[in-house]
Amino acid sequence: MARAVAASPFAGEPAVTDALVREHKLTEQEYEVILDILGRTPTLTELGVFSALWSEHCSYKHTRPVLKTFPTEGPQVLQGPGENAGVLELPDGWAVAFKIESHNHPSAVEPYQGAATGVGGILRDVFTMGARPIAVLNSLRFGTLDDARNRYLFGGVVKGVGDYGNCVGVPTLGGEVTFAPGYAGNPLVNAMCVGILRAKDLIRARAHGVGNILMNVGARTGRDGIHGASFASEDLSAASEARRPQVQVGDPFTEKLLLEASLELITSGTIVAIQDMGAAGLTSSSAEMAARGGVGVELDTSKVPLREPGMTPYEILLSESQERMLVVVEPHRVAEVQAICAKWELVGTPIGQVTDDGLFRVVHDGVTVAAIPGERLVNGVPIYHPEALEAPEAIARRAATPTAAPVVDATDALPRLLDDPTIASKRWVYEQYDSTVQANTVLGPGGDAGVLMVEDAKFGLAVSVDCPNRYVVLDPYEGGKMTVAEAARNVACTGAVPLGITNCLNFGNPDKPEVFFQFREAVRGMGDACLAFGTPVTGGNVSLYNENPTGAIDPTPTVGMVGLLEDVTNRVPSSFRNPGDLIALLGDTTGHLGGSMYWWIVRDFLGGPPPPCNLDAEVRLQRFLVAAAQQGLLRSAHDLSDGGLAVALAEACIGDPYARHTLGAGVQFAVPDGMDPAAFFYGEDGARAVVSFDPASVEAVRDLAAAHGVPFTVAGTVTDPNAELRITVGTALHTWQTVELRRTYFDAIPRRMAA
Amino acid sequence: MSFRVFVRVMPRRGLLDPQGQAVESALRALKFDQAGNVHVGRAIAFDLQADNESAARTAAIAMCEKLLANPVTEEYEIEVTAR
Amino acid sequence: MTRVAVLRFPGSNCEPDAYRAVEREGGTAFYVFHRETDLRDADAVILPGGFSYGDYLRAGAIARFSPIMAAVERHAADGKPVLGICNGFQILCEAGLLPGGLVRNESLRYVSRPVDVRIERTDTPFTGDYRQGEIIRIPVGHGDGRFTASEETLDQLESTGRIVMRYVATGMPDVHPNPNAAVRDIAAISSPGGTVVGMMPHPERLADDMLGSSAGRRTFTSLMRWTRASVAPASS
Amino acid sequence: MSFRVFVRVMPRRGLLDPQGQAVESALRALKFDQAGNVHVGRAIAFDLQADNESAARTAAIAMCEKLLANPVTEEYEIEVTAR
């Protein structure tokens, strides 16, 4: 193991004091370990380096043991957790790289730049694997839109996501937006990127080859986001308001050049390794690459191209200026790298080298200002095993039932639900995102999952990002399972086989036992579902301390799923296609209202047990949907989630976001004994979908459902353009004008944003 | 009294200004190399009714603080002229 | 074989889509970098969509000064086909190869969605395979797509038949047919001779049946036919 | 000599200025109804080396004509101050 050596403070740097240690968010215990690692007092520069790498964001010190329980293996996995992005194998020598990451805290302070730089970061994670980004997804959560601040945050975040992805030229194929009081003051902004590569071009971020050169490629370094890493590991407070000047500004134009240059550097085999400078910038990228490669690094911070004069090594090491890459290259190829950079209007600057002493060493103008044993710097952080205990209130809420009477009857509840921004169309959002650039978008936003084709390939990919956070807050384990189940169902509805997931675990302060309970149980549920579905976890990210003065956010473990359509021509849309097609309901309906949107919107009550997630039933439904698509049996398939059966039927009638007309439907159901029609319409039992198909196929579809053990009820037919939606339950007929439902559904968000 | 107000909202000093950089290099490419330290922001012009100039300025400042400038990323300057 | 130069400015991002659309129809596409000065005997030039120079200052304002633009001007002056799509249209306007300008959408928001446009003129190199008055549905994706020009210029464009496409209502009840509030619903215009065309919609993004429609294909089949026949440009 | 130049590029009079309208209605919503005739454009600031003020102004005008403003859609004003 590398032994510590001396380092001297940078000119004018104060000596490290207890106060400084505290300010760097290091505990006494952690500081003891630092003293032991160094065998001396750290310089301020070293303290800053430890503080960044030992922040929750970079070190996972509270969550590592729990994350280890995720299933991460499978024949399709080319790269699991531990790199910038996970990679799965596809047909014909192709592979898909994907990853989701949060930018919650920056977006709470500056929604536009926070969201924009979040997209920039996740794009870099994917193209540093050698993959060309082909899709972006985003998962967003805000307080309710009746509040002006929430509208401001929502509008700013959406514009930020759009402006960045649009400029780089990556289509946004999907996402989700939820509005709930639990996110007021602490919005969640999770961005996912999916990239495609030739499996042979896969490159890992591991520094090796003693004497190889470290190069800084891309933007100059300024004082942006210094301590962003520890900032992201802190409750939002007056203090973080005061940190405002740290906001990072994104430059998608430079990102696009960086993307092209990086892919050219990788596919031309010019470089040894590449890593983006994300959280904790130069420090984490260099230290992590060295640790992964089991080598040391020496950085000369005086060589780093600066945007502002007089920056100290401390600032240069911790700056989070965007659009920068750290590249490892053999000495004789530096000029080649610089030529490729120049072709893309970028600068490549040697700033250090790979060493054999295992040290993370920083020199500035010839003075060694930091020298830390690299392995212990990256992996030596104390690991915590916080107490996990469910809050009594949570247990009580799960047992409770609504007391308020319904504000509307079972029929009028449907427009109410379609007008709720969480259920309503998100067209106002995805219309601001370019969804057709790259000319591969087969199914864009608005359906269950985005589907894209790959040039000259037969297969297609389906992508979705989901988190039914209402279920998770009520029952983290069942909710965790349902999160993966919903993503898989969405992907399967298009006909794609769920392949694997990435995840972004957004939770509150892990030192609160009730928060850590939510975390542990949600992860357990997600892991169980991933095992059942054969969809390993390939990576992700954890965002803790999502708290504001009013307490922790609702726990939100977001799942990003990638699925494979062996033949993209088999993709299935989510809304009805032709008058005369038959409509069938798949799965069991028990009228489960616990945790439902109906209780929340119509009875002003969030509680009860969420629908239990039957993994076996989910798997059977997924397999049926995939088989039916492969046999070309289905004209549409739409899964049931928020708002249950009635909302799913309404959405299938309302049609595509730019349809010239709606379609009507007439369906009949025999009510299960004594079930309240509201429960039947709006209950949220899982493992269900509404499908439509050519009447000629009815036998084939029925047999296929039977073969997969999926409950199957032919309910009625698709009727004429702009006709009514008519649902007969038992003897009672309920009718709605689909044209009005459509207006309500598409107007809900624009109406509120115009306010 | 009626005043004409011009507000100049520029990126906060120290923050990256990619637009300023792009314009600066475009100017260089066009051989306008005597120009430097280029920054690009927003210009807002409006008429304002107020009792006197200082009242007008006070109102304009309030507008900038509340709406016209984003204190997180921008700084502003106000120019008030009677008309 | 029709040789089509697809320009690459820093920040262009639709050039692979245009390249594919040309090759799909049997043309030979090749990229020409902004720093180059020669179009390598291209029969036609496409200025693709994207965000050249990040759209900083004004969309197209910086790209128009790229070294390659002198060659594009010569190519246009020779009456050879030039197509500017989206950002390419913005660059052609900034360069003065087409009149008017493209400014911020009235909604102040970027808009990505299909629009219905009517083909107003079929004697350009890029619309010959469409039917006069035909309405096609095709995607747009832009934040600065509102075409504007002086009344005189607009009247002149109308009277000389240089409006190539207009946004039209075909009943998408809940969206405005004109996605950016362009004056006189103008989606595409041409030079006096009709050989230089700028359009906000993206035909190259809808040139494959797998995408649910191939309404954009004929923009490129038109070009192939036009260059093969290489008839003199129709002048009005 | 060194000068500080401020350029204000505004939408041409008569042209629709949705940004100006949006800001105007936002100001009204915030009860700043003493403001009217609001327009929003671009502000460009840079340092300029020139022999004297009129030379500086001439250079700045050339920059606007060539790059900084688009005569079809915009008009500009220049402010030059010695420093």
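Here are a few things to note about the model shown:
A, B, C and D are the chain letters, set down in written order, and residue numbers restart from 1 in every chain.
We adopt the following convention: a residue touches a chain if its C-beta (ideal position, glycine included) is under 8 Å from a C-beta of that chain, and two chains touch if they have at least 3 such contacts.
From a predicted model like this one, the values you see are computed outputs, not experimental measurements.
When the C-beta contacts at C-D and at B-C are tallied, the pair with the greater total is C-D.
Measuring from the averaged C-alpha position of chain B to that of chain D gives a distance of 9 Å. The geometric centre of chain C is 30 Å away from that of chain D, both derived from CA atoms. Averaging C-alpha coordinates per chain places the centre of chain B 35 Å away from that of chain C. As a whole-number value, the distance joining the C-alpha centres of chain A and chain D reads 41 Å. In chain A, the positions touching at least two other chains are 251, 253-254. Looking at chain C, one finds that residues 53-54, 56-57, 61-62, 65 touch two or more other chains. The set of chain D residues touching two or more other chains comprises 42, 67-68.
Contact topology of the protein chains: irregular, matching none of line, ring, star or complete. Listing the residues of chain A that touch chain B in their complex gives 109-110, 113, 219, 222-224, 244-245, 247-249, 251, 253-254, 307-308, 321-322. Residues 11-12, 14-18, 22, 70-73 of chain B touch chain A in their complex. By the touch criterion stated above, chain C contacts chain B in their complex at residues 53-54, 56-57, 61-62, 65.
Looking at the complex, you find that chain C touches chain D at residues 57-58, 61-62, 65, 93-94, 99-101, 103-108, 146, 148-150, 181.
Chain D meets chain B in the complex at residues 5-6, 8-10, 23-24, 26-27, 30, 32, 34-50, 59, 62-63, 66-68.
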